[in-house]
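Down below is the structure, laid out as structure tokens.
By written order: A, B and C. Residues from 1 in each chain.
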Amino acid sequence: MRLLAPAALGLAFLALPLIGLLVRAPWATLGDRLQDPSVVQSLRLSLVTASTATIASLLVGVPLAWVLARTSFLGRSFLRAFITLPLVLPPVVGGVALFLSLGREGYAGKVIDDWFGITLPFTTAAVVLAQTFVAMPFVVISVEGALRATDSRYDEAAATLGASRWRTFTRVTVPLSLPGIAAGAVLGWARALGEFGATIMFAGNFPGKTQTMPLKVFLALQTDPDAAIVLSLVLLAVSITVLAALRERWLTGAGV
Amino acid sequence: MNLDAHVVVRRPGFDINVEIQGQAGDTVALLGPNGAGKTTCLRAVAGLQPIDAGRVLFGGIAVEDPSQHIRVPASLRDVGLVFQDHLLFPHLSARDNVAFGLRSRGTRKQQARATATAWLQRVGIGDLADRKPRNLSGGQAQRVAIARALVTNPSLLLLDEPLAALDAGAKMTLRSELRRHLEAFPGVAVLVTHDALDALMLADTLVVLDEGVVVQRGTPEQVSAHPRSDHVARLVGLNLVRGTANGTVVTTGSGVDVVSATDSSGDVFASFRPSAVALDTHRPTGSQRNAWRTRITELAPYGDVVRLHLEGELDLVADVTPQAITSLALDIGDPVWAVVKATEISVYPA
Amino acid sequence: MKPNRVFTVAVVVALPLATASCSSDSSGSDKSTLTVLAASSLTEAFTTLETQYESDHPDIDVVFSFDSSATLAEQVTQGAPADVLATADEDTMKTVTDAGDAAGTPQIFTTNTMVIVTPPDNPAGVTDVSDLANSSVKLSLCDETAPCGSAAKELLTLDHVNATPVSFEPDVKSVLTKVTLGEVDAGIVYASDAHTAGHDVSTVQITNADQVVNSYPIAVLKDAPQPAAAQDWVDLVRSSAGQKVLANDGFGAP
């Protein structure tokens, strides 16, 4: 009983702002507003970039998490702290950092520009990069936890059966940690979807190319709060649908 | 292909320094109390634990030799390992578990699964091939584990307490089956166990470990008849005493005399069966008998006898008939004389 | 275990920073605070005037919030506590007066015109507003929702220039930052911004810039906690001393 009261309080705290959105929504004009093609455009952009960023975070983050969980070397805790840096960095600072490194005048971006003629800022790719930057720590930390919870003796069993490290990783370690990896991916996706500061700094704001939903909401709020509310509701609805569709079984690992 | 391993692993408590040899077709059992280093030795031979010194030779070729910087990783050693708690991959069916080793070595999927199914039939659970490990009983799972280890025809089979996690019934059944497999197995098998029956039934050679070193080596009959450690003595159900012999009298370190019927001298072991211990409430007469003053600390039925633990001049285990208990009105805490005929005592060099 | 330690360190580092920003607000309980919301283009000028104001009013600490006019106006109409609001155009101020949040009539205290700025070496070689139509020129503009955005759009239309920027920034300072970082080839900002940026940018005049003038209104807010002090600030800004500071920063006469 003593746990229920704080839990209920927490739930209320989270629910109140969301209820506020529903209450203030311009239900009368909702239909017309949703027909606006720019809404669909920025929604599609948000979903595509967030999903791409999540995949990128997994491709790089899962091996990184494996290194943290399964190997030991001097400086490992420093590496882990370093990876979680984007978590404590204000997103705008992250955006500036991305500029200074990957921008047209950035130390790495300059090289890319000279060699390939590609500049990264203000492109959709820049949106994905900014989102990956903020989402990857979530993925790495979640996956590391999942890997640590998986019995490493299975890895040993696989080794005695002749499996190479790569085969063990793909056929044993990853399948057994899948619920944790899935949970990390969901966390990363949600973070990427909501990313604002780094995106507006590094990728800028251009409808169809870099104007994700959060950016659109922010700008709409300046002149047309009702539009902002509608956009927020759309984002909310999409997020809830995706999260609810992920079956609890996959995320909690019950049944493995 | 024979095994020649000298395993040296440095540990904070004590170092492990063990030599294990086996010819093709042999089964070597590693016996010893918990923490003696048996599992570490097994893991070292498998390649899961690096050795600090010594070397491991498979068929005369070094798979590990720190002095030469040679270390073949576990995945490249031709070994099969059966773990105590089977460690079957939870996300794969029994068939896919068994096929895993074949697939890892490049066998095509169809072929591997067919071979796996055949092996599962061989261990008697062909109809459970599609089940996941969580839907198998302990005995069934361990059978799958054995099949999984044997399917790749390894040169060396390592078993780490394979029957320990099973209930008594499954243990007995599986022990007989394992005996068949081991007899048919052409390579060297090394078995870690703390069960005397495992050792006696399955092994050709026993290697007894204690605190990281070998304290006794021999056939099961030799070792159980003349144990050189408390652990084995208890395991095979004998009373064991160590002392210095002078003629027929063996004197223990605490000054207690044990009289036997054999002449010997020097550092010796003296052993006798629990059933050779008779009890009396009065000091018996006659020089052909040993009589030690003890107190009963434990008393429990044991088959059709009663087993007592006695502590005093010597610490003993005695098996007596229930009638003896009642006629002497014995109970825990009672002082009692433990009497053993000299002829019942076996003496052999330490 | 380790992630927990990272968070602990992060909190330990963040706490002094958080409390530091708090303490600057309440340095000395005998001082009262004057909250001024101003368009970001007024950053340098108002900061200069702060020194003079605080020496005239030793018991008052002036606190600024510089942001895009639209954001500030929104905050005021949503009930943010402040004393003074100064916006970069009249339309934005109108949203505040329409909502009844201004005390009295806003006064125009300065004006601003638009110019093109480029990185100091002018990598794209922009010499005229018509160059902005060139697709190879990376251009940054304010978003329409901000006064600088609507003004820039008006000016470009007037000059018949069809320019597509790579990014619409939420406020004029962001446009300036992109230019000074060298990430864009050109941006349209206020003359005052170009002035204060000094050697960090090169400036190119826009044809007909004098046709598109942003008039900056300033108003004391209805629910101002310090109405007298607020009025003093307005008076300072409109005084010759204030006007001199504004002119020095590239602003135009009201």
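Here is the rule we go by: a residue touches a chain if its C-beta (ideal position, glycine included) is under 8 Å from a C-beta of that chain, and two chains touch if they have at least 3 such contacts.
Note that this is a predicted model, so its numbers are computed, not measured.
K.L.:
Please flag the chain sitting at the greatest distance from subunit B, going by CA centroids.
P.N.:
Comparing chain centres, C lies farthest from subunit B.
K.L.:
If you average the C-alpha positions per chain, which one ends up nearest the average over all of them?
P.N.:
Measuring from the global C-alpha mean, the nearest chain centre belongs to A.
K.L.:
Roughly how far is subunit A from subunit B, centre to centre by C-alpha average, rounded to an integer in Å?
P.N.:
Averaging C-alpha atoms per chain gives centres 54 Å apart.
K.L.:
What is the distance in Å between the mean C-alpha positions of subunit B and subunit C?
P.N.:
Inter-chain centre distance comes to 83 Å.
K.L.:
Please report how many Å separate the Cα centroid of subunit A from that of subunit C, as a whole number.
P.N.:
Centre separation, subunit A to subunit C: 33 Å.
K.L.:
Please name which positions on subunit A make contact with subunit B in the complex.
P.N.:
153-154, 156-165, 167, 171-172, 175-176, 256
K.L.:
Which residues of subunit C touch subunit A in the complex?
P.N.:
2-3, 5-7, 9-10, 13-14, 68, 70-71, 74, 138, 140, 143, 145-146, 165-170, 178, 181-184
K.L.:
Any idea which subunit B residues touch subunit A in the complex?
P.N.:
Touching subunit A: residues 46-48, 73-77, 79-81, 83, 87, 89-91, 100-101, 104-105, 148-149, 152 of subunit B.
K.L.:
Mind listing the subunit A positions that touch subunit C in their complex?
P.N.:
Spelled out, the residues of subunit A in touch with subunit C are 77, 80-81, 84, 87-88, 99-100, 103-105, 121-122, 141, 200, 203-206, 210, 218-223, 225.
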